[in-house]
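So, here come the structures, one by one.
Across the two complexes that follow, chain A remains constant while its partner is chain B and subsequently chain C.
Entry: the complex of A and B
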């Protein structure tokens, strides 16, 4: 079980590194698909079918859109020149990374070790959700009852994305 | 945008109905089996995208379609908010309160408001993904002229 997941994770990491360094953009997109579908198999092995369904559909749709974009524009990666400005940006990135690492390291010192968290809220959800919500599927019960604000937020994010795409991609303005 | 070859068209004709029905099944059984509004809505949007990619369409019809899908998703998200507000009138005065009778856990008609939320969230997600895809297609068609 853990060995299988480790092998799939290794393949996913190889796919991600290949996607960064591929000269052909189409093969980079397909290597990114490797990452997504590997994640689907990991979700299924870890017994999270809800996530797996969403991930496989969204991965397929984004892969189709990205392949269409690559086929329509250019398949060659653009040449990136390295000058003084990009050197400054790199140094600034490293400084910010070091600062964030310092503060995160300080923050996680006080956390419980991984997998040993105190499950005060989760226990109430797991053992009382069927009586409280009437839904056997716990994930849906949590999503639409205990955490309904999250669901509303996600739906509004999708709505805003659709509105933004419609507004930004319009060629002719209305008079 | 033009369609694809005859083989792709025939396979799409055979496949798109089951895909659409599977999306509706995932949404309606969201409170019983894995899935729910988000997964089912994405599957339904995938069925429409499959049809569009296989058969193609001209810009005028695409513009009618994007107006329809945009209106559908706006109305669906409005209905979700109104249903959440309705719980301020009935039962406990809490936003998103599940005020309908819970029923027997395990039945198709159970869990009160959750199936209704699932259905409208599913419509919203399907409309939103289809709107984004259609606006990209229309942009490409218009800019290539």
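Entry: the complex of A and C
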């Protein structure tokens, strides 16, 4: 399992690097779709079918929006020249990356190894959840019963974002 | 362990994109890539070997299910990620219509 996920993740990393360096914005967007659909396969392998369904829908919508934006504007990538200032920022970036990696490595030492996860507080969510919530899908039970307020907040955020996007697109700008 | 580190490498690729790219679309792509790596870490933490997908079969009893809590969190985060991406794209297309470019070095009207 770990090997399969690692291989898919390797392809996702290659796709991500290509997306960042593509000369054509349309191919960059398609390469990002590659990363997103790789994530869907990972979710399926990790026994998360709800997430896979949601991710495939969301990824498709994101791709459609991005392709629409790119086709409506320009496909050319900007030219970025490499000067002394960017050399300095590159060195600073590598130092920051190394620091982040150090802290991440320290953090994953405290995690259970992959596949050995012990249900601690989620035990209440798993055992007896069917009687408590009436839903045989445990993820739905958590989302809409135990943590219904979080879902309400999520719906509010989604509504606000949709409203904001609509306002931005309808507004007439100053010339 | 390798999987977690690869996930973090994917996160770093996204961070690198946010720092170095000058194109608004590429910055949005990098943000999405960072999001993806975080979703994958969340789901990996909740995975249990030989566990079933968290859908209870009423007929059988005493099964091991993978942890539904990180999955619920990731589900919320995915939907909010779509909202932020759509908003970012709306802002990008507005900026393009005003400035005729995606270059963030040229979009500097609000700077002093």
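To be clear about the criterion, the second predicted complex is superposed on the first by the 129 of 175 C-alpha atoms of A that agree within 3 Å, B and C clash if a C-alpha of one lies under 4 Å from a C-alpha of the other, contacts with A are read in each partner's own complex, and residues count from 1 in each chain.
Methods note: a residue touches a chain if its C-beta (ideal position, glycine included) is under 8 Å from a C-beta of that chain, and two chains touch if they have at least 3 such contacts.
From a predicted model like this one, the values you see are computed outputs, not experimental measurements.
> Quick check on the superposed pair: does A:161 touch chain B, chain C, both, or neither? Answer first, second, both or neither.
both
> Contact-wise, after the overlay, does A:133 reach chain B, chain C, both or neither (first, second, both, neither)?
first
> With both complexes overlaid on chain A, does A:71 touch chain B (first), chain C (second), both or neither?
Touch status of A:71: no partner.
> Report for A:61: first if it touches chain B alone, second if chain C alone, otherwise both or neither.
Both partners, chain B and chain C.
> Report for A:91: first if it touches chain B alone, second if chain C alone, otherwise both or neither.
neither
> Let me test your reading of the model: by the given contact rule, A:151 touches which partner, first (chain B), second (chain C), both or neither?
Both partners, chain B and chain C.
> For A:50, decide between first (touching chain B), second (touching chain C), both and neither.
Touch status of A:50: both partners.
> Comparing chain C with chain B, which touches more residues belonging to chain A?
Between chain B and chain C, C touches the greater number of residues in chain A.
> Please report the chain A residues shared by its interface with chain B and its interface with chain C.
49-50, 54, 58, 61, 65, 72, 130, 136-137, 139, 141, 143, 151, 154, 158, 161-162, 165, 169, 171
> Inside the complex, what are the residues of chain A that reach chain C?
1-2, 5-6, 9-10, 12-13, 16-17, 19-20, 25, 28-29, 32, 35-36, 39, 42-43, 46-51, 54-55, 58, 61-62, 65-66, 69-70, 72-74, 77-78, 80, 86, 89, 93, 97, 100-101, 104-105, 108, 111-117, 119, 121-122, 125-126, 129-130, 136-139, 141-143, 147, 150-151, 154, 157-158, 160-162, 164-165, 168-169, 171, 173
> If we count contacts the way the header does, which residues on chain A are in touch with chain B in the complex?
The touching residues are 49-50, 52-54, 57-58, 60-61, 64-65, 72, 130, 133-137, 139-141, 143-145, 148-149, 151-152, 154-156, 158-159, 161-163, 165-166, 169-172.
> Can you name the residues of chain B that touch chain A in the complex?
26, 30-39, 42-43, 45-46, 49, 53, 66, 70, 73-74, 77, 80-81, 84, 95-96, 98, 102-103, 105-106, 110-114, 117-118, 121, 124-125, 127-129, 131-133, 135-136, 138-140, 142-143
> Give every residue of chain C touching chain A within the complex, in rising order.
1-10, 12-17, 19-23, 25-26, 28-30, 32-33, 36, 39-40, 43-49, 51-58, 65-69, 71-72, 74-76, 78-87, 89-94, 96-98, 101-103
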